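Shown next, in structure tokens, is the structure this report addresses.
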Amino acid sequence: MNPEPTEPKVERSFDLERLVFFSDAVFAIAITLMAIELRPPTGLEPNTSAQLLRELLADWSHFFAFGLSFWIIAVYWVAHHRLFRYIIRCDEGLIWRNMVLLFFVALVPFTTLMMGEDGDLAAAVVIYASSITLLGLSGAWLWHHASKGHRLTLPDLEPVLIRRILYRSLATPIAGVIVILLAPFLGSVATLGFLLAFVFQRLLYHAYSIPGPP
Amino acid sequence: MNPEPTEPKVERSFDLERLVFFSDAVFAIAITLMAIELRPPTGLEPNTSAQLLRELLADWSHFFAFGLSFWIIAVYWVAHHRLFRYIIRCDEGLIWRNMVLLFFVALVPFTTLMMGEDGDLAAAVVIYASSITLLGLSGAWLWHHASKGHRLTLPDLEPVLIRRILYRSLATPIAGVIVILLAPFLGSVATLGFLLAFVFQRLLYHAYSIPGPP
Amino acid sequence: MNPEPTEPKVERSFDLERLVFFSDAVFAIAITLMAIELRPPTGLEPNTSAQLLRELLADWSHFFAFGLSFWIIAVYWVAHHRLFRYIIRCDEGLIWRNMVLLFFVALVPFTTLMMGEDGDLAAAVVIYASSITLLGLSGAWLWHHASKGHRLTLPDLEPVLIRRILYRSLATPIAGVIVILLAPFLGSVATLGFLLAFVFQRLLYHAYSIPGPP
Amino acid sequence: MNPEPTEPKVERSFDLERLVFFSDAVFAIAITLMAIELRPPTGLEPNTSAQLLRELLADWSHFFAFGLSFWIIAVYWVAHHRLFRYIIRCDEGLIWRNMVLLFFVALVPFTTLMMGEDGDLAAAVVIYASSITLLGLSGAWLWHHASKGHRLTLPDLEPVLIRRILYRSLATPIAGVIVILLAPFLGSVATLGFLLAFVFQRLLYHAYSIPGPP
């Protein structure tokens, strides 16, 4: 794994710390939410191990939703964590854009559960891909506001790094739009379109001549 | 968005930090609570996207409750955040008034869900408006206690700012009383009365000659 | 409200801060837990406000459980907060005693809900009073370990204050034992015995010649 | 209880603090999760205390799951707490290994509930023991990454202590593998195999000549 540029040794305001820890609490709740849904099979008591396993497998959509939403939210928490390494001040614009991001984080457990249960239907894929896309776009929106010259460390933070973070944030939403367009034709297979995010990231770096590792 | 006055660079006691982070945890739980209620349609497996969308729409009250309670609680978290910029010490009075505020925050998911399900009934509108009103009043009560000369930074915090924050806290409760009075006659339409909060805020500023942006 | 003695201006270890914020998270979850249970009436859609109110009243035990568990846990959070004003170091003994305390905090929502639903039965009163008693005893046990000469600030913390905090922690458990003994005879009325806590607190102060306000 | 070696008095980065408090939030939610499941008996209203107690006992698996998952997660929180005494910097490798650990923490409530309901079946024992084993292995993996020369305090942290912590982390997973192997033959009794963890810990210390208390 690539080491991040050295973290600026600077003091953050109480306001910003509070915003960050509030966000972490919401992320933590969303990430464990689907664990509440995991239950042993109800109904008739299973008599054999084989029966138990069969009934657990019949309930696979809940395990799928827990696993998928956990790792999606983990990825976005890490992205949030990375963004806020460079943010040292807080204003109302940042607070509200962050709230929009948290709103979409809180929707991920529901949309992944629906993928697990109805993933063969285009509507479920579109709703799921939309929530991921909007989540990514809100992160880019937040970073744009924060990096527009006033919220970050002064000349320390190079414009190249700012653009690199912005493009990294936009890659998944762009892939998400493609997933949404393909969903009526490919159903849940369309979600493979999210892998294009890596391609877009490289393309954006290349088009804007951004050196160095992603 | 208006920049807030410069945050006083002062150290907060451990006690106060603890109170604030405890509050943030309760806000975070309340804000994501209704997300637990969002489920794909149970019952017969939907066969088509159109069917899925119809069933989701039939369940609209849960989505409404999630969206509405999320943003109401977000607004009050931001208000709490703003208040505590200026509070630097903690006493039992502050702790208990804060607990009252958190009590009403925890009730918002329930009252918004009931608005979603039974919003045509005056009782639901009254209960919902009452919870918002009491939540706002507890914030004003907390600020009054904190700003009464001992809990804030000394001469730094101008009396004008203190009054401005107090009036800002009272605007929504006053509008809420009007919503409660109108509910038996207008049903859920009465909630438009909350828009009057902006009017009351301006009126209060004008009556007390408070300059500057809200 | 009485001002507490001036907080010792001392730096806490990272370990202790972590323990405290972990505890605050558990308290926050427990305090909002019963809010998840508050639901508008299911079943037949109420047609009138009077009908809605009747159905809400039929569900009173959930509202009772939310209100009662919220304020009980609030009281114990404030007590925990007060204890940890004076604790500045952390060892495994403190961590484990704190875990025991959190275990009983997490049980309060359940025991108060059972009081709401079956409070006329002695078993429910005994279980409820036992959980409160054990919760209080674990707090006293934690304080005893912390104050036994090594965990607090050195000569700053007067032995009189240490004993006062200990007695304050023991008053409710002692009252709880009386509630448990009276439960088979008085049912839920026995819970009035908790008011004796205030009496015991005064008696203990008097017997041990502790001056000053509680 | 043995006092830990003196905590290095060093400042942690904001990134690391954030990772730790995020983890604490997930631990706190997981630890209280099963408390949501504790309900007074539904169905016919119990008329006597004896009836209430009988119905509570019939629901024993939920109380068992709450108690067992609470204390298992408590043990792993304390282990996490102990590990992070010595970690002072953060990189992506640490963040992702920590996410894996949190993933398995979030699964503990489900696997313990299944032990409570179907513990006589080998499949339930294997799933439960696997989740504990994987949880412990992820802790060892995290420590290995953190202690490999770059994440801890410099020469302060003796190699002996590093190996001691690593062996402590591996003892339970090794015992877990034995539990998994014995499960088809011994059912839930196989879980006694976890007691072997203490034996393995001693053996590892002895084989690698590690002095001092565990």
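The first chain written gets the first letter, and so on, giving A, B, C and D; residue counts start at 1 in each chain.
The rule is simple: a residue touches a chain if its C-beta (ideal position, glycine included) is under 8 Å from a C-beta of that chain, and two chains touch if they have at least 3 such contacts.
In this text the structure is predicted, and so the values were computed from the model without any measurement.
Number of steps on the shortest path from subunit B to subunit C, with steps defined by chain touch: 1.
Counting every residue number used by either copy at the subunit C-subunit D contact, under half are found in both chains. A separation of 38 Å divides the Cα centre of subunit A from that of subunit C.
Centroids of subunit A and subunit D (each the mean of its C-alpha atoms) stand 27 Å apart. Annotation for subunit C: residues touching 2 or more other chains are 21, 25, 29, 36. Subunit B meets subunit A in the complex at residues 1-4, 7, 12, 20-21, 24-25, 27-29, 31-32, 35-36, 38-40, 45-46, 48-50, 52-53, 66, 70-71, 74, 77-78, 81, 84-85.
Contact residues of subunit B toward subunit C in the complex are 13-15, 18-19, 21-22, 25-26, 29-30, 33, 36, 91-93, 95-96, 99, 102-103, 106-107, 109-110, 113-114, 117-118, 121-124.
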